[in-house]
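In what follows, a structure is listed as structure tokens, so that the remarks can point back to it.
Read from first to last, the chains carry the letters A, B, C and D; within each, the first residue is number 1.
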């Protein structure tokens, strides 16, 4: 017993991973899962299109979470969006400015730019002066992003990743610059500001789903269906727990504490 | 002498404060100057910290304690620089793989237990008031908004259509509340800055 | 050689390290070897990340040196200033210590005030965002608007003087729908991050590794 | 004519944000310069906190105050720290220990707090002490709780603990009667909850930022926090309770005026929106 801590957590993790793996297996067999399209995805295309028409650059930033912290999934999901946006921008031949807080993403972003320019067969699109490290101090980063938004007037700005208070600085500065903005974050405390200011916001889990959608890969889409199993599990646990607790029983709570 | 240095410091601080506040007015060189100062200092401070970490922790442990294993992160760290070469760029994937492995592992390990189950536990403990029951029901309703794998018909006609719309309403109440609640904290910070400008700098008090 | 250059080794590293972190969380108490290895690897990441900071320094230096060489109009002076203050600060901090008076002065009278000012500029941005966003366009924005205004009137002492009901409604919003939505979002976010984590461990989400050679 | 009217309603919907920004500066600066002294009603939460501090700091008691916030949060945390610390300094015959285990800036902020305090004849070293910062966060908290002399060797200024009579006879957390936890984030209350409150059942009263208030509320309901003072509002109320108006009191006037200004703008925007729609014949 004492060998394993958080047994209920481990069991839940196994169930969720099992569900995701099962859905991936199904997809490999050719059985596609129907998955709702998140509206924000279309808005991303629209914003890039608008930039192209106006001949103005696109801006993207991926927030504060380092790759080795528990916020890493948000940064990885944000980078998937970046990869997609880079390819589109290279195809359309408009510059993409990436502002960076997490320095270990610099080599990754460089590689994504290179890949985008190769796919679009326009080597001249690759310009690594558009990949701008703005320091790993929050408000230095914020001033840098503000400067880019104010002076280079991007017509589209994507804020995808984990943010803190500077989220609103970016969103308002982007608004002042006249950019169409799409944001995505799992940081609950900042979602309200994105919802209030940006043209579209990927709420929490939708950010993770976005990466899989944009990959257009059936296997990745299947994993989204898999993660829904965990949500059904949560709903069942909540419902049963509510009823039991209202009847005065702590049975479920005690099990979940194991 | 010391007083003069402090006084100059207060004037410099006040000047920078006004430069930053010039941002919404229009594109001024003042903000640009403050911005470049801030980026320069921000990078300097974190770089110093980074170099100290490398020297004190890694190199220090090898030299002073003979802990040879620290050579591994140093080599991996150096491998990041191969991104600037065409021939050896593949090497830069290894350190990134290590960092991502740690990040993914840490988040997968703890999140199910510390976020998922903890939230459920605290919701279903001691449900003895109407509000607590309502809280639980609202959570269930809101989760339905996040269900992605639902067939088209159900999404357009079935119960999920209504619950996910209700879920959005609950979220809007929440976002409004968080927004409104943050205003006081932001005002408090601004009041702090105004106290500095009015009383420490202009000495109006 | 192609094996070395491919993605198998990095994906392997991610998988092994990731699994070790998970095993450590659940079985760490029983497996001291895993626990100590995990701590070791986590300490390593601090060093690897420190090298990444130097990559950042190179990145920004290249950009500004480029502006200087090209004498970019309206920019080269700022680039010069940025480089100057950056390297002066690094020199003061490395060859002196962080107790160096010059370092301390720059830190206390430039860095900290700008930091606090940036933070406080949110007071402006939050006001203009509220003005634009809190508009009764449809049911959703009416809910956003009314809950925001009620909480504002709960927080401002004057609100209670206007109507004693504000704190009562405000408390209810804070403790019921507010908590409900946050918990729901958190629960679903965990699902998303576990699924993304699993894809990453299995090498399906490999954007961070770049394109195939 | 009609178009001029429509133009007016449209303008109400799109007032230049710079006008709003200038007005924000004005409505914040004015009350700071000339306090309006708008009435402050004391909420039951702050009153409870005040009463509990009073109750657990009777003659002979020992109190710890932890300063777990950063200088950037002084505008909001400072008034709470000053008011609660002042309250304790007025209590006769008690010993006060200031420290920090989460934030290395803590001891400086403790010193800063003392600048605003009327010490009421209390002597440093005899009646109160600033122990400084203990690195190690949770580990330090755990070892302090189980063995105070084992961890604490000297105070913030380097004076050996043997020369500080205020510390005599204190062996572990059971010798402490009251703990004021003033925190702004992590590390903060969460760590003290795990290391001090849960295992030792120490009486804790908290003070924190406005944005942390809702998150900490469950601990007040469960009694793990006996009281909680939240944000500038809480600070202002506490200042009123101890009868010593300070930064929060004038700040609260500015909070009221700025909130009213924002609400006025929201109302203008909505008036413009509805009037504009009615005129242009859209559905209302």
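Here is the rule we use: a residue touches a chain if its C-beta (ideal position, glycine included) is under 8 Å from a C-beta of that chain, and two chains touch if they have at least 3 such contacts.
In this text the structure is predicted, and so the values were computed from the model without any measurement.
Path length between chain B and chain D in the chain contact graph, taken as the least number of steps between touching chains: 1. Across the assembly, the chain pair joined by the most C-beta contact pairs is B-C. The chain with its CA mean position farthest from that of chain C is D.
Computed from the mean C-alpha positions, the centre of chain A lies at a distance of 13 Å from the centre of chain C.
For this pair, chain B with chain C, the centres built from the Cα atoms lie 3 Å apart.
A straight line joining the Cα centres of chain C and chain D is 25 Å long.
Along chain B, residues 20, 23-24, 32, 34, 38-39, 41-43, 45-46, 80, 83, 89, 95-96, 99-100, 102, 104, 106-108, 110-113, 116, 120, 123, 136, 139, 143, 146, 171-172, 174-176, 178-179, 181-184, 187, 189-190, 192-193 each make contact with two or more other chains.
Annotation for chain A: residues touching 2 or more other chains are 6, 9-10, 13, 16, 66-68, 73, 76, 104, 106-108, 111, 133, 135-137, 139, 143, 173, 176, 188-189, 191, 193, 195-196, 203-205, 209, 224, 227-228, 230-231, 234. Of all residues in chain D, those that touch two or more other chains are 17, 21, 24, 28, 72, 210-211, 214, 231, 233, 255, 258-259, 262.
Considering their complex, residues 2-6, 9-10, 13, 16-17, 20-21, 24, 66-68, 73-74, 76-77, 79-80, 83, 100, 103-104, 106-108, 111-112, 114-115, 118, 129, 131-133, 135-137, 139, 142-143, 165-166, 168-169, 171-173, 175, 186, 188, 191, 193, 195-197, 203-205, 207-209, 211-212, 217, 219-220, 223-224, 226-228, 230-231, 234 of chain A touch chain C.
Against chain A, the residues of chain C that register as touching in their complex are 22, 25-30, 42, 45, 48-49, 52-53, 55-56, 59-60, 62-63, 66, 114-115, 118-119, 121-122, 125-126, 128-130, 132-134, 144, 182, 185-200, 204-205, 207-208, 210-211. In the complex of the two chains, the chain C residues touching chain D come out as 112, 115-116, 119, 123-124, 127-128, 130-132, 134-137, 145, 149, 152-153, 155-161, 167, 174-175, 178-179. Residues of chain B that touch chain D in their complex: 24-25, 122, 181-185, 187-195, 198, 204.
Chain D meets chain B in the complex at residues 17-18, 21, 24-25, 28-29, 32-33, 72, 74-76, 209-211, 213-214, 218, 231-233, 247, 251, 254-255, 258-259, 262.
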